[in-house]
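Two complexes come next, and they have one chain in common, chain A, joined by chain B in the first and chain C in the second.
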Partner chain A sequence: MQPADLEAALRPKLGDRLLTVEPFARTAGRVRFRRDGALDLFRTMRDDLAYRHLSMVGAIDWVDHREVFYVLWSDERTEYVLLSADVPADDARIETASGVWPSANWHEREAWEMVDVLFDHHPDLRHLLTPDGYAFHPLLRSFKLHEPEELEVKTRHV
Partner chain B sequence: MASEPAVPFVEIEALRAQQFVPAAKEALSAMIAERGQEKVVRPVFNWAGRNSLFPLHWGLACCAIEFAAAFGARWDAERFGVVPRSSPRQCDLMIVNGTVTWKVAHKLITLYEQMPEPKWVIAMGNCATGGGPFRTAYSVVPGVDKLVPVDVYIAGCPPRPEAMLDGILRLEDLIRERKE
Partner chain C sequence: MSEMWINMGPQHPMTHGLWNLRVKIDGEMILDVDPEMGYLHRGIEKISEDRHYNEVVTLMDRCCYVAGFAWEHLYILASEGALHIQPPERAEYLRVLCDEFQRIGSHIMWYAAFVQDLGLMSPFLYGMRDRDLVLDLFQSYTGARMTYEYMRVGGVRSDLPPGFTDRARQVLDWLTQRYEEYDQLCLGSTIFRKRCDDLGTLKAADCVAHGVTGPMLRAAGMKRDLRRDRPYAVYPQLDFDVAVADGADVTARYLVRMEELRQSVRILRQVVDWLDRHPGPVMAEQLPRWLGAPYAPVGAEGYLLKRNFPKGVGFSSVEEPHGEAQAYVVNEGGEHPYRVKFRSPVFANISAARQYLVGYHVADIPPIMGSVDVCVGEVDR
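Presenting the complex of A and B:
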């Protein structure tokens, strides 16, 4: 599937909530969308375009904004596709994909604790890799490596 | 016990198993009558404890591979009476073999508290000793002695099984000197 085909299939469902579809190496393309179209896009990808497997969800801190990205795999098309949405750094939130692909659950927990992107309506947004009550989001660019003693004081969990 | 003369169960160790119980009973009764209970019973307990150290059978990171190798055929830690047990209730030695993260810290403390007294801790490898290369990382405890008291530190990344056995023998020296 080419990026133009992807755009033709998605544009009627999403309208201007679909921004662009770019070519991306070894995938069907990268779909950039506005975050208010997230749920419609997820359902369209799964039900109409047969992308039934969510391979991963991640987030990137670009300092002035944050990007949430999704990697989908289709057994029928045997190809990947990327979805990508920009969220502002001061209001970093997006609708959860875990209602559409249950495998998004843990990926979104990790993205939340590492890059501080909040996933609305997530069923179980707890810490995954860091202890409960952990005070930092370590993969943010603003995170500085701490002296061990300082980290110990700020990490109140044991 | 460094200043004390050697106690007679050094001779007992050389006896055959069949003769052991009556000989030990006789020797201990004589020693207790002569020197008092504390000076005899304590070395016996220390002797028994240091020759049957049961470490907790668990692994945290790559040091656990060396830990496993030390109990294999080539190094055979069991010849020192060291047998890993799977339940902390049966253990008196915790070998912290790997990187301790803050996430696993309270589980480590729970396991330590489940072990019956007397108990000892060996920090195996650089990560357990001081955080190792991850010392300033966001998720790693900089040394397991922040969580539990450590008796012996073993350096290495990871330490070879010989180093682990050396650490266990040094712990046995500590137990030999134990007073309370």
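Presenting the complex of A and C:
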């Protein structure tokens, strides 16, 4: 599938909530979308375009905004596609994909604790790799590697 | 009897690493599970933002201690994509040599640990004995048995020592005979079959929904293997079959891994023959100079070139022994990656634990989790 085909398939469903579809190496393309179109896009990708496998969800801190990206795989087409949405840094939230692909659950937990992006309606948004009550988001650019941080770690189960 | 939560881990013979499986039980029945990860989290993605491109390779070995080469290859592919560098063909064959021997090492390690979970001690010793031969080979050309630091952006660190290919062929011959023994010990054992048949079933549709990949997915009858579906390196030139089984249970996962061991031997014979016939360079010639001199003092000539560094994003995926691993490397023009994100196959496979554990008994947990092939180093990163 070429980026133009992707755009032709997605534009009628999403309208201007679909921003661009650009070529991306080793994938069918990168779909940039507005975050209010997230759920519609996820459902279209899974149901109409047969991207039934969500490989990973990640987030990037660009300081002035944050980017959430998704990697999907289709067994029918043996092809990857990337989705990407920008969210403002002072209101970093987006709809969860775990209702569409259950595999998003843990990836979103990780993205939330590491890059501080909130996933609305996530069924189980708890810390995954860092301890409960850990107040820092290590993969933000503002988190300095060479400076010690003080924290109080709560035990999980008493 | 009332319901209660018990902890299996972080120190438990079943875990094979540092993690905690919380299990909600009623008597012997499993009602719910909640895997807790993070005990081994070292912040590899964060540290990578502070390391030179070639220095990250060192961290990749620590991602998974039984599949270091696969992770090196994954990261190198993504970096080369971001930097627009093409390695020479011999380096690609050497990487496949590493990958496939690593797959054998990893699967034999899995076999040894898995059957020990079932209480069978002898196969464990046989497995460790045979895996050592593979590690000896690694040591002969990388100098290390586990943390190799062998692959480089643009190629590999060094060529093979004299006589390597003959030694490799001897090891492959030996392994081929041993695989028969493995099967006799397990598939020929009534105890093994009674313990593993129809256990931990996870159908293909559930695998896909929950992101499960690798031998677990192929054991459910789905023929997905990135070496065939999205080939990288020189896999298109090599002849091999994708191992599948259709039981979707613990026995099927065993069968898939055993077949993959045989297919890896088949691939390796072709690779070794090719390497014998085609000497050549193992590093790309047209590299930015600073890539070759990561420790040059700041201000040295090589360092000035970093300004010409192309911006870009690299994405790669490889069929790691545990499943489908992915890397996403963002480069913003500095000497360090701006952001590195990895997908660990075991991360996804464990996140589906509720799907293949609930409904079975507590005593079934070690064989089921054993059949998942857990490597905590790459889950926590």
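Worth pointing out:
Quick note on the criterion: the second predicted complex is superposed on the first by the 145 of 158 C-alpha atoms of A that agree within 3 Å, B and C clash if a C-alpha of one lies under 4 Å from a C-alpha of the other, contacts with A are read in each partner's own complex, and residues count from 1 in each chain.
To be clear about the criterion, a residue touches a chain if its C-beta (ideal position, glycine included) is under 8 Å from a C-beta of that chain, and two chains touch if they have at least 3 such contacts.
Not measured: the values here are computed from a predicted model.
Once the two complexes are overlaid on the shared chain, A:F143 sits against chain B and chain C alike. Contact with chain C, but none with chain B, is seen for A:S55 once the two complexes are overlaid on the shared chain. Looking at the shared chain after the overlay, A:T27 reaches chain C, while chain B stays out of its contact range. By the document's definition of touching, of the two partners only chain C reaches A:V71; chain B does not. Contacts of A:R17 after superposition: neither chain B nor chain C is touched.
Using the contact criterion defined above for the overlaid structures, shared-chain residue A:L129 touches chain B and also reaches chain C. Contact with neither chain B nor chain C is seen for A:R93 once the two complexes are overlaid on the shared chain. Put simply, more of the residues of chain A are touched by C, taking chain B and chain C as the two choices.
Under the contact criterion defined above, the residues of chain A that touch both chain B in one complex and chain C in the other are 129-131, 138, 143, 145, 157.
Interface of chain B with chain A (complex): residues 102-103, 105-106, 109, 131, 135-139, 142-143, 146-147.
Across the complex, chain C is touched by residues 24-27, 52-56, 58, 60-61, 69, 71, 75, 78-80, 82, 101-103, 105-106, 114, 127-131, 138-139, 143, 145, 156-157 of chain A. Across the complex, chain A meets chain B through its residues 129-131, 134, 136, 138, 143, 145-149, 151-152, 155, 157-158. By the touch rule above, chain C contacts chain A in their complex via residues 7, 22, 36-38, 41, 43, 45-47, 49-50, 81, 208-212, 222, 224, 229-230, 313-317, 324, 326, 328, 330, 338-339, 341, 343, 347-348, 351-352, 380-381.
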